[in-house]
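Per-chain residue numbering starts at 1, and chain names A, B, C and D are given in the order in which the chains are listed.
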Amino acid sequence: MSQQRAVKTDSKLEKILAAGHLAVTSECGPPRGSDPDVITHKGNMLKEYVDVVNITDNQTSMTRMCSLAACIRLKQLGVEPVLQMVTRDRNRIALQSDILGAASFDITNVLCLSGDHQSFGDCPNGQNVHDLDSMQLIQTVRYMRDEGKFLGGDDIKRPPKMFVGAAANPFADPFEIRVPRLAKKIAAGVEFIQTQCIYNLDKFELWMKQVRDRGLHEKVYILAGLTPFKNAGMAKYMRSRVPGMDVPDDVVKRMSDTPKEKQAEEGLNICIESIERLKQIEGVHGFHIMAIEWEEKVPEIVKRAGLWPRPEVS
Amino acid sequence: MAQSVAVKTRDTENVSIEVPLERPSEWEPEILAFACHYCAFAAADLSGVMRLSYPYNVKIIRMPCTGKLDQSYVLRAFERGVDGAFVAG
Amino acid sequence: MNMNTPTNTQKRGSVLIVGGGIGGMQASLDLADSGFKVHIVQKESSIGGTMVMLDKTFPTGDCSMCMISPKMVEVARHPNIELHTLAQITSVDGVPGDFKVRVIQQPRFVNKDKCTGCGLCEEKCPKKTHSEFEQNLAVRKAIYSEFSQAVPNTRVIDRSICLYLTKGKCRICEKVCTANAIDFEDKGREYDLEVGAVILSPGLKRHNPWLHQELGYGRWENVVTSLQFERILSTSGPFSGEIKRPSDQKHPEKIAWLQCVGSRDPHNANPWCSSVCCMYATKQAVIAREHDSNIKPSIFYMDMRAFGKDFDKYVDRAKNEYNVAYRRSMISDVREDPETQSLIVRYTGDDGKLTYETFDMVVLSIGLEPHSDVHEFAKTFGIDLNNHGFAETSVFSPVSTSREGIYVTGTFQSPKDIPETVMQGSAVAGSAMSLLGEARGSEVVEPVLPPEKDIEGTDPRIGVIVCHCGINISQTVDVKKIAEDVKNLPGVAHSEDMMYACAQDSQAKIKKLIDEKNLNRLVVASCTPRTHAPLFQETIREAGLNKYLFELADIREQCSWCHMGENEAATKKAGDIVRMNIAKVNRLEPVTTDSVPVTPAALVIGGGIAGMTASLSLADQGFAVHLVEKDKALGGLLKQVRTTLEGAEVQDFLRTRIYDVEKHPKITVHTETVIEKSEGFVGNFNTSLSNGKQIEHGAVIVATGGEEYKPEEYYYGENRYVITQRDLELNLMEKGPEPGSSYVMIQCVGSRQEPVNYCSRICCQDAVKNAIAIKEKDPNIPVTIIYRDIRTYGLREDFYRKARDLGVLFIHYEPDRKPEVTPMGRGVSVTTYDYMMRRPVTFQADYLVLSTGLRPHPASEDIGRRFKLTRNADGFFLEAHVKLRPVDFPSEGFYVAGLAHAPKNIDETISQALSAAGRAGVLLSHDRLGVSGIISKHDRDLCMSCLACFRVCPFDSPFIDKDGKVSHNEVKCTGCGICSGICPAKAFQVNNFTDDQMIAMIDALTENIA
Amino acid sequence: MIVGKQKPLDEIWSMIKSHKNVLVLGCNTCVAVCHEGGNKEAEILSSLLRMRASQEESGIAVTNSGVERQCEHEFFDSVKDAIEAADAVLSTACGIGVQFIAEKFPTTVVYPGLNTTFLGAVEKIGVMKEKCQACGNCVLGETAGICPVARCAKRVLNGPCGGSTKGSCEINKEVDCAWQLIVNRLNALGQMDRYETLAPIKDWSTDRAGGPRKQIREEIQE
């Protein structure tokens, strides 16, 4: 496994990764309402089986409970959250103040994203912000942490100690700039990456090879994103409707060839097989299992993929 | 106002079109034609040469080409009471 | 024979044209437009020839009359053309450049100056007879005009049947004629004409199928000739376009066309192929189905000869879209079923069995043949005829007869289609111009006109003339009431009605009125402006008024003639039409037309036979020529051809042609040169060449030629026994046929199948030529030609027969069952399916000869892009009009000749080159190019250069000027007004169609309802 | 140039139908070039409104006129009394013209005939596309001449985002992904090495976000 690296924050995820273990993270979407139990229920389910849990920030521009509140709920449950922040909805003042808010609850992981365009969500007529873009947000969080200063230049009393992450989509166009873009994010200060869900393993391996060629896998922890198919319909939807998603035809065919009642199980098998194959790829430091509205299956996946029990770090 | 009815056409879902009012018997419509000198105007001449007969309430304005038509001609005609206009070229 | 023989006598600036068909008309217009006096002598009472009898033409389906009637009107109205109808030539003396001809004109019995063509006499004449024009399917009177749009449309009395002229009774026509134009004392006359050159375009007679009793023409009523069927199709024909059986007027469902009636039939009719019947039969079948979709057409033929441009595509569309059934078998006889009067036909079906099929109608595709009096005709003009009775011409000078200074065009030279006839029309015009070059303009008198009255700032004083046109208008429209009603409209200074506004005396009266009443604008309410506006415009110009201060209100064709019997409504409508035009004329302004200088030089692109022939003809006409050739030497594709089908030596001819071009003082040859940059417009081009030269010229002739297709099929290139026709011709010439060897040829290699779906027209001739060459040298060498259709059209049919007589084997193949070739040790074996014996047959061939087609030259793509000349889907240049402007491009000043336009034979290329030179000569003969008055005027102050006009103008006349703003090139403008329709700033206004004039017309029309 | 789109006739009619005497005023520069609000379109619109009025038997009088540009004081002199005679003006200029009339004729009601849409270029006749947002602080020098602020749906300054597929933006196949164009151009110019330099956080104070802007040329100011 990769060698030890210095730990800069109290983030459990950073410690696990620095210790060279394969990290496992998951994701859950906060409710479209104020009921906290949705978070606590999902938190408890994932607690034993993953190291940290991402909380999405108004994913696909659908208005939901804010990511910060859900993270605080998880924190109170003893589950380490990853605060996702999109630059679509807040300008630089709101972003910095939310980071401080999260830091005050010792939330130590943040994922910087541009966010989906508001026309996908429930308020297509709304104005978007995009004061910063995702890379500039990475710079901002690292500046607040390492320099202890606001963007405006003033000092921050008790600066936030966040382990900074970002997303990466090896399958979006134009393919030839996807690795340079990762390099750019690293230059901006990103420390861990959670990739888009992987179905085209060949293309991912090619991307990883190019990452390794530039030695980027030693500069950033890369977590391979996975989403098991519940049924053939979901596979077809992901292939055609979700931008930047690369679902090869043979995977879709494999799903649609299996009879209806067995398709969920087949989806999980594909996920497990992918994890086995991803384990062999040098530079993959862990898995980000996004079981959208299927969180209950994460334990089974983690167990069957031989990633259980989770390592203990102090 | 004229009522309209929804009609399903080949490539669009129900498009609403005005239902034409039924025609009062003694009504004489005023029709105006904008004809291109080389083809439609010549065709009108030929129908005369062959003594074909057609209703008299159409009058023809000669133009160098139908491309010369300006919306303001047609609108002017409608504003001044013309009931129907066609462009032929 | 050299193009330009020096003669000592003084040359005449006039030309005699014998025959007023489309070929003669084209020649007359080209010559008259370039300053020559033209005399057209026509045997019948009206010009028009065969084309006016046709309903539609292939391959576009345009209506024949709409294309030819504007030409006829132009001929009748042209100041330099004099029509001698009902006339014949009896003798021709003199030398090239100075002939004296004697003309005998039959009496017309109607005074052409008085007769206005109103047609009252014809209506009242009691004596009827068969109408020759309607092919005896309808009747005409003793006093008649050949067809409704005859030119001149003066009536003529047929003295063989006129009751007065035969029995001294009747004279009704004289009584009813309000213009007292009837003159029974007319004796006709005899007179001489002195001309510089003579052009023979008498056309041809249709074969009379009465000879073939077995086909039943004349016995069974429902057997008609193709020309009769053409009249049946025509809306102005006997059944006004409704397809009916002559026997019971019922709508026929099954119609059969029998091809080659009187053609390709050496034993009891004509040996040659008439070239046009396959295509007109296909067209008639297609148009019949368009008239009546439940017609089921079948065509019985030997070879489907669709060799022209886009002809194959037309036949394919007939097969697939109009499901015309094509049966490859000849019909020997037609029997009638007495009860139904339908016709029974017998032929071998695809399954080889004899099949009987009943048809409601049978159309005999009759061929063309020389007039019966052709020998006497040839004697009069002192020209030789070939053995078939056509004018004797050579492949290399296809429009010159055996007698110098006498030329021939059209079907009298050999059977051909309308575009080739029109091409030869312009070609003979070009040749006559070369002969009489320096006499141009000598016999043409420019009318002297008084200076134009300046009406600036004066109020409108409009004269309104409302015409009776005999009774044509006044029987339906109350002419006097209209003249009265408009008397005190704003701007009207005088209004009166006249019996015949277009008559000579009325013209004089109008001029007097203009002077007396100091009128400055004129409205005439009578017939259609399209034919009569120029007449009145010239009259008011002669009275000192700018000719654009005039408008003609159409109250005959568009009112009285189509609302007969509804007098009250028609009068009201006519009143509206007259008021509308008065409102417009109130706002008319005088239009000054300027002109642009023309550089009397031409740029010819391509040094093949087409480019060289065009250059020589233009140089002989006196114009400088710059001939640009991309290769090292002139000659083009023809350098690889040894002899023509007729056996003439090509290389000798080519050498003399190159010598003539290189030594001609007026021609500058630029070899190894291409066009660098070219700009300008008609008459004023400026081109820089890759050899650094900068040339100014007024016209461009594109002769970029073609390229032979290098086959990839049938192992060509891999097996040395597989050669092309060119290779075979070369080694036949050098070594002759190998004794004991055998030859197999395959036709249509790389042609007539998608994506190259056109016929290259020359490969059948090449195959037959080479086959004959082999057989004549060694008769027992087997030669087999595997073909789809042998298209040796026209007089080339003789050589197809000669090849068969010499023992050449011809076997038919279908595209879906192509011959298979397997290479052997020596030579190849070829297997093909024989439709006669209904099984495959195999030949051992020492040599497999592929007849490869022609492709457009790759350089044409660059030339097309550089000069914005469009090309069709196959890559050949697109002419302005497939039938009537076959060598012009849509944009002025550009002409095409040779293979760049479409594949063609050597003589056709030479004809087209002469034609292009003729057309270019017409343009370059003017030192200034007048710009028409009805064009768009651009106001730069209103224009904000939004470029909308720049993008939509079909003639590229708006351009971005040096100051970055849009300017408008009036020379290129045709006045269509698309720019003024789209211009957001209303910066464009078309003379005589300005927005305020159009709005004024609309307001006038809607006065009583607004 | 400034591009606008005529409002639907129903919306315009509902605006003006309560008035007695309406003047439709065209502007003959930018919105005339895109055939939406020029003097000619004003004439057509007024004719349509007159016909609508007659269909609904309302006694409204609709006249039309036009000026060269509705963003310059002096051009209004020629139509001053026409405006004052009307109790409402329907201006088919862009938003600038409508507000200019409101400023110059305080007691005259003014309505917009157009929706001003964007600053754009004429791709081909009849097709206009947005190219610039006037952010006041141009980055085109760094992005090979293609603006991510105006032409990327999420104004990503270090793009492309994860949603770019086959050269199109995630929101709509018809919209080009600006960053795909930038990458193509950088490739064409052989400047791909510049792709990895991080674009700094942008100063939006010069943009509309910084408040309505004013620009003064000292030397030609009266």
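FYI, contacts are C-beta pairs under 8 Å (C-beta built on N, C-alpha and C of every residue); 3 or more make two chains touch, one makes a residue touch a chain.
Small disclaimer: the values here were computed from a predicted structure and weren't measured.
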Applying the document's contact definition, name the chain pair with more C-beta pairs in contact, B-D or C-D. C-D
Subunit A and subunit C, separation of their C-alpha mean positions in angstrom: 77
Using CA atom averages as chain centres, what separation in Å is found between subunit A and subunit B? 65
Could you state the distance in Å from the CA-based centre of subunit B to that of subunit D? 36
Taking each chain's centre as its mean C-alpha position, how far apart are subunit C and subunit D in Å? 54
Give me the residue numbers in subunit C that touch at least two other chains, ranges are fine. 952
Flagged in subunit B as touching 2+ other chains are 72, 76
Shared interface positions of subunit A, touching two or more other chains: none
Can you name every pair of chains that touch? A-D, B-C, B-D, C-D
If we count contacts the way the header does, which residues on subunit C are in touch with subunit B in the complex? 66, 148-149, 235-236, 240, 528-530, 554, 556-559, 561-564, 566, 569-570, 573, 576-577, 580, 934, 952, 975-978, 980-981, 990, 993, 995, 998-999, 1001-1003, 1005-1006, 1009-1010
In the complex, subunit D touches subunit B at residues 40, 43-44, 47-48, 50-51, 55
Residue positions on subunit D within touch of subunit C in the complex are 28-29, 32-33, 35, 38-41, 122, 124-125
Using the touch definition from the top, list the residues of subunit C that touch subunit D in their complex. 944, 946-948, 951-952, 984-986
Any idea which subunit B residues touch subunit D in the complex? 1, 71-72, 75-76, 78-79
